[in-house]
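Below is one structure, written out as structure tokens, with a few remarks after it.
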Amino acid sequence: MVALTSAAGVAPAPRRHRVRVWRGLVLGIAAAYFLIPLYAGLRFSFQDDAGHWSLYALRAIPSQIGFTGAFWLSIKLAFTTLVGTLVLMVPTTIYVHLHLPRVRRLLEFVTVLPIVIPPIVLILGVLRAAPIWLKASPYLLSLMYVILTMPFVYRSLDAGISAIDLKTLVEASRSLGANGPQTLWRVILPNLRAGILSASVLTLALVLGEFTMASLDLWTTLPVWIYQFQQTDGHIATMVSMLSLIGTWVLITVMVSLDRSESRRSRRKAEVA
Amino acid sequence: MSQAQANGGSSGARVELRELVRVFGRTRALDGFSLDVEPGELVALLGPSGCGKTTALRALAGFELVDHGQVLVDGHDVARVSPQDRDMGMVFQSYSLFPNMSALHNVGFGLRMRGVRSTARRDKAHELLELVGLHEHAEKYPHQLSGGQQQRVALARALAIEPRVLLLDEPLSALDAKVRTGLRDQIRSLQQRLAITTVFVTHDQEEALSMADRVCVMREGRGEQTATPAELYSRPTSAFVAHFVGVSSRVPVRRDGATVGLWGQEVTVRNADLTARDVDAVLRPEDVAIVIDPAGPASVVHKSFLGAITRVTVSVESAEVRVDVRSDMARDLNHGDRVALSVVARDVLVSPRDGRVDVEED
Amino acid sequence: MSESGLAGDADATRGADELSAARVASGVRRWRGLRRAAAVTPFIVYVFLGLGIPILAVIDYAFRNPKGHLTLANVSTITHGTYLLGFENSILLAALTSVIPGFLGLTLAYAIATSRSPFLRRMIATASGVLANFGGINLTFMFIATLGSTGILTSWLAAIHLNPWNLGFNLYSFYGVAFVYLYFQVPLMVLVITPALGALRPAWREAASNLGASTWRFWRHIGLPVLFPSVLGGMLLLFGSSFAAYATAETLTAGTVTLAPIQIGNLLNGNAISGQENIGYAIGFGMFVVLAVTMILYGLIQRRASKWLR
């Protein structure tokens, strides 16, 4: 902040220059802090115990005990959570925006709660309160993950809805003769695509990395497996960890770029027309 | 009030903008723009969006650096002086009041920055709020004030520092029509009373014409014409100005020396410098008269009632001409009626035929 | 969503006496009200089952002994000794890793917001979204590889005789955990504060400068006071996020650092003397109390800081 200060009477030109230097410095430090650990993690995964370059960790992954099971469990949980969260949150958020504007504040408050309430305390309560048959199923985690993702999902959807004039769009669609479901399918959802997409991305990222609840519910999801396996072989564990990270990034990039090329295509179509 | 008047001595600087050039990427926002503002004068910069009027004002305030040219205040070049040391009070388009300060503290802010003691600051701020008629709202925060009140506080804030020049950047554009006219008169009378040199940016011709001592019509980074409102309206030097200020119609004519032939009439050309033969005559609605004539060359296309007068659009040959008619006379004119036209102005402006100007509306 | 049928019903009654028309209208209104309530029922039921019941269960068990009798013993146990230390450490950690990343995140967000590259802005927005949800085992591995005793940053610094481990730094300690938390706390702050920065109007900056304020004085009198409520809100969120965090601290220190969530985990994993299972619930309850007090403090400061908003 101090670097921002400029003495009175200094001409604008050097000040602009100084601001640019200051900004470069801040961004540089941030980049170092966020990129060096990534680089370190990657380098460690591609080393063997002697510190030499090696792909052994990569090759060894599939044959490790428990890996496949943990991997598929995480994938299954991620997608059931995604479906659950979208089915619950999308209609509710849209409906509240359209018909119950006074409930919006309440919804905002309720969806912040999962940020404030520690997941570790929440799972503590769940383990006591859930019926036995549900505790026996890994999908109890999916049900809880829907709660955990709520803040991010609601915020994404809310931002998406606020960016468009939902009420006018719906009224226009209805006045042109579309019924409720047609309006939802052809007008609301396409316009909310960006919001739904970012909600989905955040959901997947959160579930694929969740450790607290899974480990205390005693299910070996991918993060739990990695943690347990580090005692066996640190390089393999780190390699899996980095791969899961990269996998999440790739997933996000693909989804975001799909959306972008989609919107670009429709824009081009509009230009031709 | 009396103190503000007494302090008027510090105002009334002379402002000269000389050949300002400012380039943003490929667009030349200012392209050799010059303007002189006399002490105590109010000059309006008028033009369509993107004409460079805001850039000119911001260059004067110091927010925009010019690539070329000089900004002189009382003969001193202020190009290297930073905005906070220029002593220019500025009123922005809207929402420029500091939201975390009451009206009173907003008005006192400039004095605080100048190290004025808090009691003196309070007195001065109260005095200025009284000047703009908001004394009873002194303790309110910006969001508790209406748009018009906010702009009045912004004006008081700009005046509190007794600026050498007052800069107004479309201060009325975000307000309702009613509030706008009221505040327009208030700003003008304050400005005249304090005799403060003022530059006013607007895209609203009515605002410019009703408030300014002189109006500078800008186009593509340059001054097209700078003149008093009356002169600008009645003697525009270009078709662009004629088009932008007031209403005008264009009629293709053939020029014959110093005159053109219009509907069988010989009319003197005002701008003799143009040499082309095929030109357009630029006509104001009141330059032309209508006579009902079943054998006339024109026919009525459209009427729009404007109160005392009715604006009648007639089609004649390939052109459409708008003519103002007293409303009681216009009652007899119906769509499709044949009419004859005559020029009642003593001379007309002509402009090159290909140089059609499309004035964009904001 | 199909209102046409209802409208048809209402039409059919036209011409009947006004009383019955009014009755139908009120019937329609009541029906619509019910339908609206029904539309949000799944959400409310879900939140009640998934959030309400577990919270109530935690509070309930905090006040019961293993036999199910009501008792204050658990709550009194956690206000002493190692459990008290756990709370103290957790609160200190949360305070450190909300205030420091709060300012760092604000600075970073400002640097991004004022940059003219839309690419940079979009990229950092996406990255912040991902990094803010980052944590646990992946983060632990990355930092072990960076600042562990044989990590690369450690070896780089050792090469210039600044080996942090020789200077008293220990990644697997309280301060190590705090340093690692920056990795998700700073992006979280960037994410939260960016919209508030967007609401900082350039006109304020220019008006201040026009009235004679230097950059520093603009920030002191306008910029920071205007941002303060949002910054405070962001820091509260950071406090909650850090106070609740379990995965990173657990995996980094293998459960050795004394923090309230880690103690819950240890008790739940059976690393506790029998008969003490319900202590974990008491700690959970204690964490609710800390969070509630924080929220109340926040509310009080917020009221003062944002009196110009009301």
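Letters are used for the chains, namely A, B and C, taken in the order the chains are written, and counting of residues starts over at 1 for each.
As a convention for this text, a residue touches a chain if its C-beta (ideal position, glycine included) is under 8 Å from a C-beta of that chain, and two chains touch if they have at least 3 such contacts.
The model shown is predicted, which means the values in this text are computed figures rather than measured ones.
For this structure, the chains sharing the highest number of C-beta contacts are A-C. On a Cα centroid basis, the chain most remote from chain A in this structure is B. Here the spacing of chain B and chain C, counted between their Cα centres, is 52 Å.
Between chain A and chain C the centroid-to-centroid distance comes to 15 Å (mean Cα coordinates, whole Å). The multi-chain contact residues of chain A, meaning those touching 2 or more other chains, are 6, 8, 15.
Counting partner chains per residue, chain C shows two or more touched chains at residues 214.
Under the contact definition stated at the top, the residues of chain B that touch 2 or more other chains are 62, 82-85. Chain contact summary for the complex, chain C toward chain B: residues 201, 203-204, 206-214, 217, 221-222, 225-226, 308-309.
Taken together, the chain C residues at the contact with chain A in this complex read 1-2, 4, 36, 39-40, 42-43, 46-47, 50-51, 53-58, 61, 107-108, 111-112, 114-115, 120, 126-127, 129-131, 133-139, 141-146, 151-153, 182-183, 186, 214-216, 219, 237, 240-241, 243-244, 246-247, 250-251, 261, 264-265, 268-269, 280-281, 284, 287-288, 291, 295.
By the touch criterion stated above, chain B contacts chain C in their complex at residues 61-63, 82-90, 92-102, 109-110, 112-114, 141-143, 154, 157-158, 161.
Listed in rising order, the residues of chain A touching chain C in the complex are 1, 4-8, 15, 19, 22-23, 26-27, 30, 33-34, 36-41, 43-44, 88-89, 91-92, 95-96, 99-100, 103, 107, 110, 113-129, 143-144, 146-147, 152, 179-181, 183-184, 198, 201-202, 205-206, 209-212, 215-216, 223, 226-227, 230, 237-238, 241-242, 244-245, 248-249, 252, 256.
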